[in-house]
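Next come two complexes built around chain A: one with chain B, the other with chain C.
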Partner chain A sequence: MRDKQIEDLKDYKYGFSTDIESFKAPKGLNEDVIKFISNIKKEPRWLLDWRLKAFERLKVLKEPDWQKPKYPKIDYQDLYYYSAPKSFKDKPKSLDELDPKLLETYQKLGIPLNEQKRLNGIAVDAVFDSVSVATTFKETLTKQGIIFCSISEAVQKHPELVKKYLGTVIPLTDHFFATLNSAVFTDGSFVYIPPGVRCPMELSTYFRINASDTGQFERTLIIADKGSYVSYLEGCTAPMRDENQLHAANVELIALDDAEIKYSTVQNWYPGDKDGKGGIYNFVTKRGLCKGKNSKISWTQVETGSAITWKYPSCILKGDNSIGEFYSIAITNNHQKADTGTKMIHLGKNTKSKIISKGISAGFSDMTYRGLVDISPKATNSNNFTQCDSLLMGNKCGAHTVPYIKNKNSDSNIAHEATTSKISEEQLHYCQQRGLNPEEAVGLIVNGFCKEVLQQLPMEFAVEAQKLVGISLEGSVG
Partner chain B sequence: MLKINNLSAKIDNKSILQDFKLEINPGEVHAIMGPNGSGKSTLSNILSGKKGYDVTGEVLFENNDLFSLETEERAHKGIFLAFQYPLEIPGVNTNVFLKTSLNAIKKARGEKELDAIQFLKLVKEKAKELKFDEEKLGRQLNVGFSGGEKKKNEILQMSILNPKLSILDETDSGLDIDALKTVAEGVNALRKKNNSFLIITHYQRLLEYIKPDFVHVLMNGKIIKSGGPELALELEKKGYENIN
Partner chain C sequence: MEDQLKIDFEKKLKDFSYSDQEKKFKETNFEEFLKQGFPNRKLENWKFSDLNQIIKNNIGELTFYNDYKKENQIDKIELISELEHNKIIIVDGKIEKIDFKFEDKDKVVVLVEQGEETIKENINSLINLNNAFSNKFCKIIIKKNYSLKKPLVIYHSTNKNTQSKNTNSRIDFKLEENACLRLIDIFKDNSEKNFLNIYYNFELDKSSILKNYKIDKAINNNVKYSYNNVKQEANSISETFILSSGSKFFKNEINCDLLGQHSSAFVNGIFDLDDENHHEIKSNINHLVENTKSYQLVKSVLEKKSKAVYQGKIFVSSEAQKTDGYQLSNAILLSENSEFNAKPELEIYADDVKCSHGSSSGSLDDNSIFYLMSRGLNFKEAKKLLINGFLLDVIEKITDEEIKNLIKNLLGVKE
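Then we have the complex of A and B:
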């Protein structure tokens, strides 16, 4: 049966699902389920209390509705909040103990899970539904004092760090989806880079939603201590299913004095079929705090998947001279919708931010760039540069730019540039005359349009992303 | 190589070409001269595969029905059009564009694609021959290029792709005398027993440097007179109005 499913898969390369019995919490959102999650993870009391506090808060919070893409009401009582492959009840200690079916899944996804692929220079923390499957390269990293593990493991082994930083960037009370995540988060990655250490490899998490009717609520926490550097990659895929699946992650980044975090995402969740049926609701809260002076946080995202993408990776520039960057490519095709952008909150003096956003819409899709640049009265001598470009393909899609700009002191500068263009028939004809078929031509033109952002990605990711950009727009010409 | 029989073309019900006939054999250079609005660019558009025209008649390229081939398939078979107004493609590096184009054509023909090193060697060699500023190869395709540079870039692409039939649509317009000579040298270097050219131009000037085998005068969508290179000189003297 599963084989057939794989056969059927024409458009979405990652749409297979793995037949592994899973171990689930009962459906529904209530204190018992939260206790169940906390208990199964053997969490300390303070964390359970923290979750329950979030749940209390959630009861009074309303689901936001100001976004452009609308979606049918989600029944939060009809979801599973915890799902783990059954064989993981006793967690494997090494790769050899892993269920071969799981390894197969990751192979299909093209993730370098075994250590032989170390040449890739990527350490992977793979999240399969709610449990972190295997963390590779741990040894190499441990030698330098770098902690890279699942957040569940960090809770057990490094509770002082988790307790100190969890929820300091995205508070418990933040907003509906973030608070929901705080109450029920299952797993995710944890990274700590000690003072003065430059992480020698790209760290990577590969998320995958497998079980149906499962909301995935990961929680990622990355701390770069004084003078350290880390580059982190996140990739996502999900199987094809008719129903919509909710993905509400929280990602918190903290950069102390002189530290730098580079966070790159390639998001390729199942976008739904051509008629807009199924697909992931990607409602994610990502926020970075440049806590120390001279710190820097840089977000790069390539968003090609999901039925609805709704996220604003943000930077709070608290330390003096800190820098925030946001580089984004968002592509919507068929009936996909995206409302994405960033927030740059300037609090410290001499803070700088840069926003480069490239939106491409095709088919019947709809794309909104929404961004906030807020320079506080104390953030003197700060500046922001924003460039927002939209590319339209065909005449049934939409592109919107909604910048919110607040400059509260007179010696700071904000610059905003925006363009909207279409791929012209003449450009296509020119490329075709040179031997490219229409899809290759569009791929080339679009990659040119996105170049400034693609350049920000680590090399191997950039090549993948470039291909993904082409694949996402297939069938959008002619 | 190319046979055009009774080609008529309309756009928005306006007739542009009428019963147009032309035959080009391998190795021949044909020049088509005509005043503005005579249908010259329509001819190159139709041969290259641009959409939007109502076309009747027949065009055969090496015995293939041209109208059954997509634009890119025509390119794969060896038809090249040097555009009158080469397009700008922001963000796309000129080298990358050239390599993608060459390899797309090679792939379609079942030939081995060039790797980056082989390609760079080839492109540098050709750029040198055409006195094309190598630094421009690293820039975005035609963005910020002068008119002359854009035209030279077309000839550079032509010499890299080595097409069987090259159509030059007013490549000489807007060129200074040095650029004109370079373009002509590029064409002459490609001129071999099997490569043919269709040169579309207003003026006789280019033909001083590229000696055509045949010259045709196009007026109101029809060839009204054909002859050898001397016809171009006659035209220059008499003007289009008095040629018949």
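Then we have the complex of A and C:
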């Protein structure tokens, strides 16, 4: 029975593509396409100007090349920057009007959008290719004054909030991919939690790339006003395709005084086949700003998918006493490559940060932890603790650790430790002696290795993540 | 700078009659340096120490020509008196004296002529600069099964009137099977605002042992760069100890290729910095075969506006199973304006390895200070005692008793 289950799970089960007619912008990256996107979304003038400004900046920026995983040059003119299910030209007003095929797709992915069927109370915003297709539980949230909708909707309904915060954490002039996103972003989620409100349920976004030759450029903006709390989940999948697809999202988090944001990601984009063909390029910019005093931002990520993962969810600890946390599990198998980690930038007094990173590489894959801890001269009495452990399976893969540690304040402490090892024969032997087969034994040990991070995930996600950890390593033993 | 370089290089080529091969070697290196210039922060390796800027700020315009025909005064250079030793004295990049008076003549061979071309690979622009401008280099061969009776001390000195000058020196060492060399580098700066560029090549044959102690203690306003390239065969051991303290800027780079099984490399360092000094240690330990070991320990005590950088890299190739690599750096920041940067890097392609690194930085422990003060010490004494203990950890790693005592005396560290 168990073997059968494992057999079923071995293949990327989200690899199907949905046959939905889609409506695309012309191929290529130019002013007209940006205007087209802006126009179709009925955006106000200031946003179009903002996009064009980013595009101007993009012309002078160069693609960065310091990362470990190299990739063939991307032809930015050969991509569609906007793709939406055709039935969406007139946006459906309720779930009943949704294309049944879409609903079916999300059903297959295990994300029922039908609210009645939901028991565990997670509000979902689903993004299909370039547009947000449905957001659930709106009423419950509205009662508390919480805004949870697609960013396009937010631009229409709450322009003052979007205008105030968009681009304040990731400025237009940031690096290449962030600026590209600013120019062509299509949709994403918007969350605003009013002062003093504790969001009663987990908010969740599900991303899906369906159409081929499309890049997905979503933009997420989360604002936690004074004294509020929100936990946000993000999941992603894509169909199996031979060519590589680009995903360059920007995520901005802003926590004001005493607010807390918990952001969890389970990333399971299509990783390519076992020979390294196809798969998603996941080049994402995620940054959180602890703007107010006593604020807290916590990133948790489980990275199992994508051909190349290249991202550093960061915290800028600006407010005094603010806290930044980063918990990460990154698993690479076959020909996957990952260069991921975090940046903790301490600016305020008494700021604290904690980094726990677990990397596992198997097959022919390559994994790099790259992180920065920077304590500025004014960040008196700050503290950082970093632990990054890597596990290697086989000698065809690589695991690397590249931490940058800068301490410019004599009252602050930084501690960093890293280890690299393999699964001990003794542990394996013990598990097998108890009747587990080698794969189960490895799964169990790896789950133990990742426990510190898995514990940080909300319950529903933790179960899924635990399964994913097992699946991702299938075929890497023996 | 470019014009100055060209003029000086022309001048240098005219001084001696070089063979075509030598000339070509110097010219290629010169062209390469012209192309790249001094390293700046755009290079990953120089991210924390922008040498181009440092030279600009501390020296200004450099000149590169050195008259290697001129005899330099060496009798005024103060030698180490506590310890009997062999010596090499280098003044302004020129080897003025080689003296192996304690050793058997046929066991230590010194070749001063330019021998066969050794290193061809491009390491960095400073090595190019060194190759272009250094004098005919010197190769020292320690014969099979010979252990030097007394340590070799290399004095790096500058002339009184040498200023705003770049001096280059290079020595190659070959330790034959089962040979042993203890080497101490000491800096005697007689003038200011120069850029000293030192390049050593070590070939360690089977079972040979190299111990290199670099001591930069005397306060001076020079900018220094030293590159040790160590190639190690089976069962060989290299031990490098760096006391980085007196110079305005000093970057020590150690590249260690562990090519034979059961070879091991140890790199230990102390940064004891004051004022606006800025020092760096960069290590590259390359584990290339099975069963090799490396150990690195670097401790820093930073006063005033000083800045220390430690970039330690452990590389493990996919063949190098059973590697044991360890790296630790601790820093104490004593002043609000001091700064410690670290980049402990692991690049690992083999699975059956034990590799780890740790790094910490922070202030002196208040509790320990309180404890010592409650025992009747004043704050200054308590601080000194704690720092002594902190640094002693590294000094205790020195395996040569004689030299350990010498360094303890230099630092004023007591047990």
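Please note the rule applied: the second predicted complex is superposed on the first by the 464 of 478 C-alpha atoms of A that agree within 3 Å, B and C clash if a C-alpha of one lies under 4 Å from a C-alpha of the other, contacts with A are read in each partner's own complex, and residues count from 1 in each chain.
As a convention for this text, contacts are C-beta pairs under 8 Å (C-beta built on N, C-alpha and C of every residue); 3 or more make two chains touch, one makes a residue touch a chain.
None of these values were measured; they are calculated from a predicted model.
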| item | value |
| --- | --- |
| Which superposed partner A:440 touches (first chain B, second chain C, both, neither) | first |
| Dominant contact partner of chain A by residue count, chain C or chain B | C |
| Touching partner for A:394 - first (chain B), second (chain C), both, neither | second |
| Which of chain B and chain C A:46 touches, first, second, both or neither | neither |
| Which superposed partner A:406 touches (first chain B, second chain C, both, neither) | second |
| Set of chain A residues, in rising order, touched by both chain B and chain C | none |
| Chain A-facing residues of chain B, complex | 48-51, 70-72, 74-76, 80-81, 83, 86-87, 89-92, 96-97, 100-102, 104-105, 108, 140, 157, 161 |
| For the chain A and chain C complex, residues of the former touching the latter | 66, 377, 390, 392-422 |
| Sites on chain A touched by chain B in the complex | 424-427, 429-438, 440, 444-445, 447-452 |
| In the complex with chain A, residue positions of chain C that touch it | 44, 318-319, 321, 331, 333-363 |
